[in-house]
Structure formats: structure tokens, C-alpha cells
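Shared between the two complexes below is chain A, which has chain B as its partner in the first and chain C in the second.
Take a look at the complex of A and B:
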């Protein structure tokens, strides 16, 4: 260090030392070389301009597509259907640049379409010029491009792509929409499998908040693509299955004048000169539809809960799948309908969405969801007995705490090997006032909860449909009956006995896939700390 | 041993003489000459026969007997006995109160469960608590017919309430399993009989297995072993552990276990021969009574479609017919 200082100090005064001279000579040589290169490049470019880059028309930035030309002569092929195109000539593909690297006279580009990827090659030759290869190598990741190419089978499988048996030889390449060169997160990092045991593999992760802040990029990962396609599947199956069972879909208002259910907090919104609330459950309206002779109804829609709980399974806005059904004599008619609907949804997912389930499984290692057909129904008292056998002290009329709920889930799984089960006959004391008491034992009620992987997903009951009895029960719970007058009033003109329940779509998807956070299954989640994007 | 003082001695018991007189086994086996009084006690029939040769009534003369008892009760001798009895009862009452106190101290509530099985004192006092809720996992290719056989055989003794489920690892259970389910459902549940709840789950599993309580016991593997378990908690008539045939029944069940694991027809036939040897012209395996061994063999043979009537001996065929009447499969 000291010597260095001396050297620099001396440099100004004395004629250059031997070492410095050498350094200077090197720098000069470098500059010379650089100038030479630049000149050569300039000459090249000039040559390109003059002697014409023979591929100039085959690449470039496409003008903004404003629907000027139809270009209907261009035949586009989807990546999963490429196999049929091997050896057949040229075709077009639109996709995103997953990665691109130019190496000398070749450029390897991986093209992505949703969850499928394919390797593309540009090599300098008769069709492709050096400039074209360079251009392809410099397209920013995630840009959308159109390529014209032909498919060629490869002898060795390409491990890094989903289309492993072929590659594309590109002949034309146009950028349709360019992405920023700097991405807030890399798709590769965001889609890296989460296995904690693998110490050797790259351990770069994208944390949850970065993902959610840049949800548009994050959603492009194969796992996210699969999650939301599966979520759509849950909704579709719910609708299809219930429609087949004779249910009618209804739409209920989300802006309401009074809190529909006691307990949970509601959001207040200003409503002209007054204020209103956001519905925290469509229950009242479902019941009114029953009283209005719709017999069996379901609804899919947003539900709002102003609970300030920052847990892995609470959102302030989520999609509720609710159903309500009139029955003849016993609420088990409804219980079995709901249970069978779930089993049918699970079966539908297992049979029709195996690709998606597998894609999610590649990133998040979880056990496949197991269930029984018909669904397992246990009495609350049996559940308590199982917990006691495992050494947990819990009262007969005590609600299941979250740890007990989870433990019971594990016990049931160990004994019956099912991730889905129904707990029937909850104690009356821990259910809302409108729950019908059990006729045989005043301690219990005609109410049920359903569980997936040990977490509650549905809570339902036979509702009291006789206004006088409803008032009596409300008084017993210390509820001001004037506030729920409208609710009670709706039963005054005759109402069939009915029961129902509701589930949160995000929670069902999360638990079906075995994910650890509900934010992973909500496209743009809302929680107490997040309002954007 | 003590000789008990007879409380009501010297009755003129008139036994009907329409019965044969049996030789007293205990005395002849002991070969010890007994005093006359003792003989009267334990061999009343013999005495009354000799005393009462004149009357040829066909029923006990209750009237005379009643008179004699009345007469005895007036005797002073019985008063003392009554007193003693009173005292003993009082002591028992005290003991009961004492026990209740201890129980209260230990904070044990008196169990409401009234189904107390006699198994408690079997096995050298080892306490066995029968579980009334068990899960059986079975593959539709290896249907546990024993459940149905037991259910039918125990129709009037014990209720096996089977609920069936299909696990998500199986897309379809096939016609045989469906028929089996329907047959299971045919037997009505009799709520008055002691009962065991069985949850049968069709599952893509290698062995038939039984899970009773995941926290307390390990699973039981193999249909034969499930039969053994049910034979232990089921009706007294089918409990074999204390019977002299215990070893024989176990041996037959072991053959069934091997039979189910035979892959070639030749080895299966060899096992059938072994079974024939065990049956040995008896009515049922191990004797003249139906036992769990028969259930095991019967259900194993159903599961082996490769074994046809040709492979069975006449004795086995006849046995099969007998067993079919009871198992109704």
C-alpha cells in the first residue's frame, strides 16, 4: 500500500518508470485496437447498408399493430401442437422470449407460450445474416415476438423445454411488443421449485410481496398459470354440478343497508347522503330466494370481510360459492347434497385437471389431495372423542381451536386417509342464533362444518324458518330483534325448511393444492395491508 | 376344600323319572369314596330316585318343596343365618362407599358405557379394550369376503355395521366390489345386539389392512388377521383363544394366509390339500361347530377363482355346502 502511494506520488515528477511505461503502451495499444474495431464495425455496418444485409426484411421491430392488415395468410401454430409440423415446412408462432443468447454465429432462443416452451435456433447462413442473429440475441426477455420457422426433430431430448423432441429453425423474426430490459423479477427465479432439502441447487427465490407487486410478471410462471386455470375449473365444476342437480344461479346485492351476519366486521361505504355496508355473506338473500320458491339456489360472487387478520388464510375480499336448498324432512338431504358436490368437484379436478395439478406440484411439492366417496361424515362428539384419545382436553360444548382443528384433521387422515371430511352436529352454544337446535339433544344443533386438509372451508346449518322461534332464539342470544326485523319478516309468508352453506373459492383451491398461503390462489389479493395492484 | 354346610338340608325332591340317570363324572373321576351326605348333595337325582320310587309324577312337586322351605324359615337356626347375612350386606355397603370415596379422590367418573366385554379377564388378566370403530382398507381385486361371511354368520349374535367408501386413488371399484357392497347392505342392522362399526374403504393398497386407532395401535395387515381380531371382539361363541381348538384354528387360518399369497395354481392346490387334511372328515374345521377358521377358508376360496370344484376334495365340497348355509355368499 505504501509503495503504491509512492509510485503515484512520483509519477507526476519524474519521467515515467519502467512499469508505468509498459502500462501506457498497453493502453495505447488497446485504444488503437478499439479504434480499429470500431472502424471495422462501421465498415461492416456501411457494408450492411450498402451491400445490403441480405436478411434485412426478415427481422426487426414490427410497427404497432393497429389492425391495418389482416395477414390472414399467416398460419399460426400453438406450441403443444408443434409435433404435427415436423418436416412440413414453414409456419408462424407467436410467443414470448423466455431466454435468448447469441453466441458467435448462432442464437439460441427459448420461446414460451403460457406454460409451454420450445427451443429456437438462428444460425448465420444463406437465409440468416450476422445482423439478424445479433438482433435476436438482443431482444429483451418477455418481449412478444412472431417467428416464422420450421420444426425439426432432435435426436437428444431438450431437457430445458416442455417440447423436448423438436426445435425450430427460425427464418423470420419480428418483435410485436418489447419488454423493458430490466425486469423486477426473473420468471425463472419465480418458477424455481421450492425444495428445501436441495442445498446444491440455486437458492434464489422471489419473495411474496415482490411477486404480488409485480403480479403481471409473476402470473406468467407455469405454476401460477396452472393455479388459476384450476381455480376457474373449481368455479365451472361448482356451477355445472349444481345446475345438474337442479339448482338455479342467483345474483345477490353486494351493497347492503345492514350487517347481514353478526360477528364479523363489515366495510362501510358512503352511499349518497347515507352510508351502506359491503355484504359479508349472501346468506340472507339466498334464504329469501328459498322463501320465494326457488327451491335450490347457488351464487358465485365477491364477499367482503373487514377482519384485520393477517394470516395465511384470510382475505378481506374473496369469491364466495354459496348454496341454499329447501328440503323435505331432514337436513341431511342438504348435507349429502353439499358433500357429494364436493366429491364431484374433487373428482372433476382429479380427472380433468391432472396437467395443472402436476404443474403446480413441480414448483410446490405437496401430496395429492385424497378423499372418499361418499364423503366421510363424523359427529362432532366423535371428533371430540378422537381428540381426547390423542390426549387433548377439550370440552363437549367447546369450539375447536385452530390447533385442535388441525390435529383432528391429521387424526382423521391417519385413520381414514382422507383430506376431506364433514363434522356434523355442532354444539348449539357455538353457532349463530338462526341455527336449528337438535331435536334429540338440546346441547347440539343441526349444523355442520366441512374440512379440507384439517382447515375449515364450509360452515352451514339448517336455518330456523319459523319467525316466532327465530325471535325466541335471537332473544336467547341477546340480539336486538328490531335490527333483524327484515330477516325475520321474510319468513312470515311461509317458508320451506332449508339448509345451506358457503365456501371461499380461494381457500378451497389453496387447500386442494396444498399451498401454504391464500394469496397464491387469489389473482389480485386484498388483505388488510394490500390494496394494489 | 371346605365342605359347605347345607342351608336347606334333606329335601324330598321328587325328580321326574322320565330322565336318564347320569353317572356322576366328578366323583368317578376322583375315585374317592364320598360320605353319604355329600353324595346326597351333589347327586340329588340318584337319591331321589331311590327314595321316591313309588311316585311316578313327571314334574317336581313344588308344593311340598314350598312347605318344607316355609317350615325351615321358622326354625331358629335360620334366624342366625339371616343375621349374618344382614351383617355381610352392611359390610358390603360400607366397602362400596369407601370405593366411591377413592374414586372421587382420583377424579374418575363412573363410565356410562354399559358394554363390558368378558374379554377383559382373558389372556392372563391382560386388559383388552375392544374397539368399536375400525377402518378396513381393501382393494377391489382382493375383496374381504370375510366381512360379509361374518356379518351373515353372526346375524343373530352380533352386528357388524359396515359403511363403504371409495378412496380417491381408485377411479372405479368394478362390478364385483359393487355387488359385495350391495350384499353387505342387505343384512339389516339390529340395534339391540352388541355392535362394531366397520368403515370399509376401497383403496389402491397392496394389502387388506385394518386401522383401529392411529394414535394407539399399529395397523393389522391381512384379511386373516382381521378375522382373528373380529373373532376376539365378536360374540362369545366365536372367540377361540380359550378353546382347546385354539391351535388348530390358528393353523387353518395360517394356511389361508399362505393360500392368498400363492401365485401359481400348483401351489394353491397344494394349500387346498393341506386344508383337506386339516378338515379330516369333520363337520367343520376343528370340530362340529362353525368357527372363524371356516370363515377364513370360505372367504379365501372365493377370492381364488382359479381353484375350481375340481381341485376340491369331496369332503371340502361338502363342507363348502354346509358353510354356505351360514355365510350365505
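Take a look at the complex of A and C:
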């Protein structure tokens, strides 16, 4: 009787004879002892070695998957596709044990796949033994398991899962990769909404260092799964939009022979018997690509800043989304291209990543990101006037302090209802030597910053493309022109006027979602105090 | 009479009054003196200051383009779109002077835009003066100019240009950015077909260091324009194909706290008061992303190798196309995914980049790249057998030497007619500690390399995802496991079996095109002896 059932349930699965079951149980036990998991070992003892357990072959610790066989006949179903399985018989699912609780003759287990969850049930009966229920209830959270199950519709929504209209009746369950019983953080705690009141008033939160120290666990929360999928979306949109506009992707070296801007805030690398530096920006190389006739280029890559800034928005290594473009007569040709690229990114995120935005919103307070089309462009002087109207004292040629930058963001939002705007015509005095001065007013320059929710996410300018003038401006800035000779040389063989800018990817994601710390949008952040994991 | 013509020709162009013309001539002269170009200055003297020159306002050195005005009414035409302009009146083109030759009353000028060229003519008459012809003939090669012209169909193909069915009759010509009169290399020399016999038997070639030292010029050749557009295509295809397969793009840190594989060949970075290293591979981080439930990930970014290898295929910094993927039972699920990704890339290049492939073929001998669908998979042992059949002595557990690797590529090509193949099941002894041993034969491992034209372009494997076994293997390799504790720790919270690989982007492009040196496919290559530009 039992044999027959096993044969049915085990089609294409572990061997079913008692001998084989014992052998497997023995192997499983060995693995358990190795893993040092007492709970599972105890369950195993009760199960595998007990020939009276009619379910013995239907559960246990799987052998290490070493690619011994392909089992290509075994079809796996993803959680979001479970609905189609209702009433269709047995199938397999691989996922993590989100929670598991055995209670008497039943075990309720929530299985998780990335951000999706489904309720699974094991109930003692013809197929399942009490030992099997106990085993399932003892599987450590976060372990990866394979289950064979049937999908059954439920009359009432299961509120605790993302798959709310069904549950899975498990007939086989095997641990593929067992997690440590003690986790350094609980996924439930790490996923808890920031503003939610805890019923028990404990308000358990996971602090940022614990999260980052255990990033492999922390990244499993639905918000983190969504953040990094949305981040991939930002990069994809950036590239696709620019490719459609005729831009060519380039790759620029990160190891450079001379520090780009005077040697401040630069990391030194030992390069065989010499010293070299890590590039603080791909700007020189983008400009060389323009001088080399690539016309419009972009590059996505690591950028390094040796600033000892321990703030919510500084990283020592981040991903730069950089672009550079030749223009005909006016750098606004470029300014508008960049502005429209942002608009298209914002639209793309809104339209294609609404699920991710919503998932982040489940944990963090996400205000929808507002933007105008075309984007708002203000002159720096207008920004200064707005700040002064608000009672702030600031000079005409004074750079925006971080508080003033944020205040201006709020003033712009109040007046124009946009979270994105462009500030054009920065004072010449506060921009780098290669910035083209404004031909109409020597106090200003053809340079711009772009802001999201009041924080700078892009800095750019028309660059001086005439070598003699570049030398003049470098000297004015007290720069030793012999040290930038190669840079200047690039413009001696004909170079079109050009402008560009660099975007901090992590900042874009942080500010688009309205998050409070850039470490939330860097998968493995680097700051002056953190080099691991 | 002259005034009227000027007014017509100058619609929306430089001011036309004599006063303005003089002013412009003065500014131009100043610029010329600054630029130190005697030839142009002489032409200018003959032209701008001579009120008798009826064409004076129709040519000269343009003021530096500083974004003074937008001239948005001025429409520019791209060379490949010129055909539509035949018989349609005046329009503007911006491009480089490829060559220019004044002969008596005519000047023949070839204008270049990226890889396109068109013949332009200036002939003395009502519109053009002899001074203007002289000016045009003296513009240094590679200068960027704006011309206003009409397109006229020609009866016989112009063989020397890419736009062969028409020529441009120039009515205005202004230098936007003047090149030095002496160029360190000539674009014509740098573009010369490798196998072409020079009529004069001079066989002028530009050597690689001269090219790389003057990369801004070298990159302007049609072959280089094509190589780097095709390279952008490789990256785009890689990403799009994997995104369509459900992969998520991630970004991994380049600055790491511990050298990944024993500390050999790693660059050291000074990190504030500490030391750090440059990542030799994103592998650990890809694996962490898998352990963190991202399931299938890829990353495109800089990879650093401090190897003092001065070969045709080694760089100290290159672009890695890396991927990692969880699988169910057998690493061949991943192997096939990678293999099919390559097939899709090869098809994409063949179908979408045929113009670029052809352009490279104009200069270098490019044999069409052959591939099978699905790709050929051989076991390492089969490869060894083929080599032995060819008379090579090589051990069962001996790694392929570079000559053997190449020979095997030729043998495979002869037997299977493919330039791409996969070598599976490498001997365990020659692979890193984290490689999963073959469960069926302890001499081998679940690891693979992939080859293009007989050179390795990908190395990959199933990784050990069980911490205890990883420790055992690390110890076997004599690795201090305390130093890789963080790596091992990543697998303690449940990790699916997974495999992946890393591809060298520059190698793929080099070998797809059959080029002989990786420095041809790195825009700004880095090797032990080259850190500039």
C-alpha cells in the first residue's frame, strides 16, 4: 500500500526501495553531522533510521548538488506562475524557507523566491508521516529546499504571502542548502516597514552596519531585491536612451598615470615599479573620444574619490554614468540632451518599474518622484535670488552649500512642483579650469548642475576645446601646465566644441526613491570606514 | 552686385557688412597668430584685409565657439544623407579636412565625418575669390570646418570617397577648430591596408606605439571607428541577451580589502591609512549576489591583473563581461546558457555590424568568424586526445600551453569548421580551490574554458556552494582559510548551486575580427609599460 503511493509520488525522484531510502538517510545524516545541525539530525534519526516511517524517502537532506545527473525531466514552477497549476497535479518548486512552524500534525511553511512568498502545508496522513512534519518544522530559516506539491485554491486571501489565492500541499521536501540555525539578522526584521508600529512595541530594526556586514542576508529583503533591480533599470535606460540618440559606449581606463585635478582626493596605486592613480572621472578620456570623432559617447564604470567624507551621500567608489557630446554652436544642445535623457529615465522607471517602486514603498516612505517635461532650467543667479528671498545670505559667486542646495530644492518644488531641475550658468570662479567661461558675462560659465530632490546628481559643462585658451585658464588657476600637457595636446589636432557631464548612479537611485542613505543603493558600498564585504 | 550675392549666401550666417567682415578678419588673424599657423595667416592677410576680395565674408577662421548664440536656424546635413540634398540648394556640413589641394583656380578638398568622406570643390568665380581658394587649400589636415555648399551629382563614381555619386560645391568655408600643421601621424598612413602594395614601394606604416601615443588621431581611422563601435555592440548584445534571459545587472566594488586568490598579480592601493587591492575579478561579489537571491546576474566592468606579461593578449586592466547563475541540478544548465549567449552575440554582430566588420576588413585581413549552433562542446580529455593524435606530448592533468591551445583551435577548426568551441571538464588539479570536482571522476572538475580562434576568452566553473567542502578544498590547496573567512561565510545562510564565468571583452573583439593584438581593441590600453594616454 505504502509502496504504491511512494512509487507514484516519486516518479523521477529519489530511489524508493527501503534499502535506497536507508542509504539516503545515512548519507543525509552524515551531511547533517557535518553541518552540525542538531535539530535536523534529531529529526533524521527519528525518520530515516526508522523503517516504520512510511514517508522516509520523501524528505531529508539532499546530497550536495555536484552535477551528478541532469534530472531534466523535473519541471520547476516559479511562484508568480503558481496560479496556472491549481488543480493540475504535482510539480516542483525550489525556494527558501522563509518561516516554518510545526504544530501537532501539521507544518505551515512559508516558501520564498526572491520577493514572492507562498504558504505550504504538510499534514500527517497517508503520504506524510509525523516525522516528516517534524523534519519540515525544524528546517532552519533561509535554507534552500525543493518541494514537490499540489496547488490548491483557498477561499480567503492569505495576507501573509504575496501569492494570496492558493497554498501548496507538499508531498516531498528536500533540503538543498541548509542555512545556519542562528542568523545574524532576521529577514523579517530587516524588511520591517520603517514607520510601522510594532504590535508588541519592540520596534525591532536592523542597523545599517549589521545589514552591510551581512549583506548576503540583507539583500534578500523585498525592498533590496527591488532597489537593485531598479538600479539595473536606471543603467539600462541610460544606455538605451543614449544609444537611440546615436551615442557610442566607450570604456575608459581606471588606472591613470597622473592625478586629473591637482592630485587631491586621489587614490594611489603601486604599478609595478611605479606609482599610478585611480581615475576620479573618465572626463579626459571622454573628451579624447570626442576629439577622436566618436561625436557622442557614454561610459558606465567605477569612479574613485579618496575623500574622507562620512556623509549620507558620499562613497569612495561609485558607478559613474558619464556622457560627452560634440555640439554645433551652443552647449544647450547638450544640456537639453541630458535633460531629456533624465526625463526619459524617469518615465521609464515610472512605467516599467512600478512593481519595484511599490516594493520599496512597502518598507520605506517613498514619495512619488515629480518631474516636468521638458525639465525646468533655472540660472544660478535665479537660484541665488530665490534663496535670498527666503532670507538666506549668499554671495553671487559663492557655491551652494549643502543646506542651501536642499533649501533651494524645496523652494523649487514649492514653486514649480518638480523634484528634478537644472541649474545653469554657475559662477566661473567655482568651476574647474577647463570650464568654458560665459561669453556674455565673465562672472559666469557655460556649466550646469542637475538636482533630484534638492541634491546634486550631475555636474557638467562646456569644456574648453582650444589648447591656447585652456593653457591660459589653467595658468589662471595656478595649475602647472606641464603636468597636463597630454590633456592639452589632445585638442591640438582639431576638436569640435563639446560638453558633457557625470552622473552618480547610486545617488540617482537613492534620490529617485527618496531614500536617506547612499549605502542603501550601493550593493557593496565603499566608504572611508568600510572595505568589506 | 557682390553685396547682393553675399546677402544671399549669408542668410543666417556671419555678418555681411564690410565693417563686420573686417572685424571678423581681425579676430581671425589674432586667432591665427595665436595658433601660430603661418600659412593660414598669410592667406588671411591676402583675404580679410583686402577689401577687393569679394568673397572676404565667406571664409576665414571662425571665432572660438563659446556658445554665444544658438544659430538654431542653421541645418546641418550628415554625409550619408547627402544624396537627398542633390539639386536642393544650399546647406551646411561640419567635418574634418581629410585632404585639401589648391591648384590654380580650384581647390579640391575631401571632407571627412567619422568614416564617411565626400569631395568638395571651390572654383574661382562670382562667389569664390582666388584668395578663398588659397585659404581653403591651406587649411591644415584634420581641422574641423563648416562649409555651406550645394550637392551635385557626378557622372562617374568618385573612387577616393565613400560618398561616390556626388560632390559638394562650396560657397562658404570657416575653420571651427584648426589642427596643427604637423601631425605626428597621417590618417592615410594609419588607415593603409596591411597587405596593400604601395605603388611607390614605400610601404609606409604607423607603428603601434606611435599610434597609441597619439591615440586621438589614430582612433580616427575607419578601421578604429568600426572596431570601437563593434566593441560597443558586443557589450550591448551581451547585456541585452542576458537581460532577456532574466539576468539582473549588478555592480561590484573594484577596491577590495583582501586579495582574492592568494595575493599574486594584484595591484595594491593606499586606502586612507590602510592598504587595499584592486579586484582581479568580480567573482566573489557575483557569488554573493547569487547567495542573496538575485538568481542570475551579470556585470560589465574593469578588471585588474598585475601580471608583468608583455604579450599580444594581456592587459593589466581590461573590461570583464562576467556572469553567474544559480542552477537546479547540473552546471550544464549554465554552460549552455553561456554557449547560447555567445552564439547570439556572434549572430548579432554578423547581422547588425556588417558595415563595421567590412570597414575593419578594408585595413586588416578579417576572415569571417565561423560558429556552430548549438556550439561545439568537447571534453578536455578529447582535446588532449586530438593533440596527441597530432603528435603532441601532453599529460592528462597538464594545462594547455598557449601553443597547444592554438594548435587545438586549428585542429577543431579543421575537423568541425568552427572558430568557437567549449572545452569542458578540466583537470581538477589545474583549477582554483573553489571549483567543484567532477562527482564521477575525481581527476576532473565541473569547469570549462571557451575559445575563439584557438584562444581562451572565458574561464568558468561550477563553484563549491557548501562551506564545509569549500574549507576542505581550500586546505587541500594550502590556502589559509582565515583569510577567506568572509568568502566562506557567504555560503552559510543557504546558497543554491551555481556556476558562471568571466569573459575578456577586448579579447572577444580581437578574436572575432581576427586581429593580432589586444591593444587594437582597447581604446586606451594599459600594459606593464603603458599607462598613457
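Keep in mind that, in the parts below, the second predicted complex is superposed on the first by the 472 of 533 C-alpha atoms of A that agree within 3 Å, B and C clash if a C-alpha of one lies under 4 Å from a C-alpha of the other, contacts with A are read in each partner's own complex, and residues count from 1 in each chain.
One rule holds in what follows: a residue touches a chain if its C-beta (ideal position, glycine included) is under 8 Å from a C-beta of that chain, and two chains touch if they have at least 3 such contacts.
Worth saying up front: this structure is predicted, and the values here are computed from it rather than measured.
**Student:** Touch check for A:102: first (chain B), second (chain C), both, or neither?
**Tutor:** Touch partners of A:102: none, neither chain B nor chain C.
**Student:** Based on the superposed arrangement, let me know which partner A:373 touches: chain B (first), chain C (second), both, or neither?
**Tutor:** Once the two structures are laid over each other on A, A:373 reaches chain B alone.
**Student:** Pick one for A:151: touches chain B only (first), chain C only (second), both, or neither.
**Tutor:** neither
**Student:** Per the contact definition in the header, classify A:350: touching chain B only (first), chain C only (second), both, or neither.
**Tutor:** After superposition on chain A, A:350 lies in contact with chain B alone.
**Student:** Is A:248 touching the first partner chain B, the second partner chain C, both, or neither of them?
**Tutor:** In the superposed model, A:248 contacts chain C only, not chain B.
**Student:** Return the chain, chain B or chain C, that is in touch with more residues of chain A.
**Tutor:** Larger number of chain A residues touched: C.
**Student:** Report for A:411: first if it touches chain B alone, second if chain C alone, otherwise both or neither.
**Tutor:** Only chain B is touched by A:411; chain C is not.
**Student:** In the complex, go through chain A and note every residue touching chain B.
**Tutor:** Residues of chain A touching chain B: 346-347, 350-351, 368-374, 376, 382, 389-391, 411, 414-418.
**Student:** In their shared complex, at which residues does chain C touch chain A?
**Tutor:** It is residues 34-35, 64-71, 74, 76, 94, 96, 113-114, 142-144, 176-180, 183, 215-220, 224-225, 228-229, 231-232, 235-236, 239, 243, 248-257, 267-272, 274, 276, 278, 285, 288-289, 291-295, 300-302, 304, 306, 308, 316-317, 319, 328-332, 436-437, 439-440, 446, 462, 465-466, 468-469, 486, 490-497, 505, 522-524, 526, 528, 531-533 of chain C that touch chain A.
**Student:** Which chain B residues qualify as touching chain A in the complex?
**Tutor:** 133, 135, 137, 165-169, 171, 199, 201, 203, 211, 213-216
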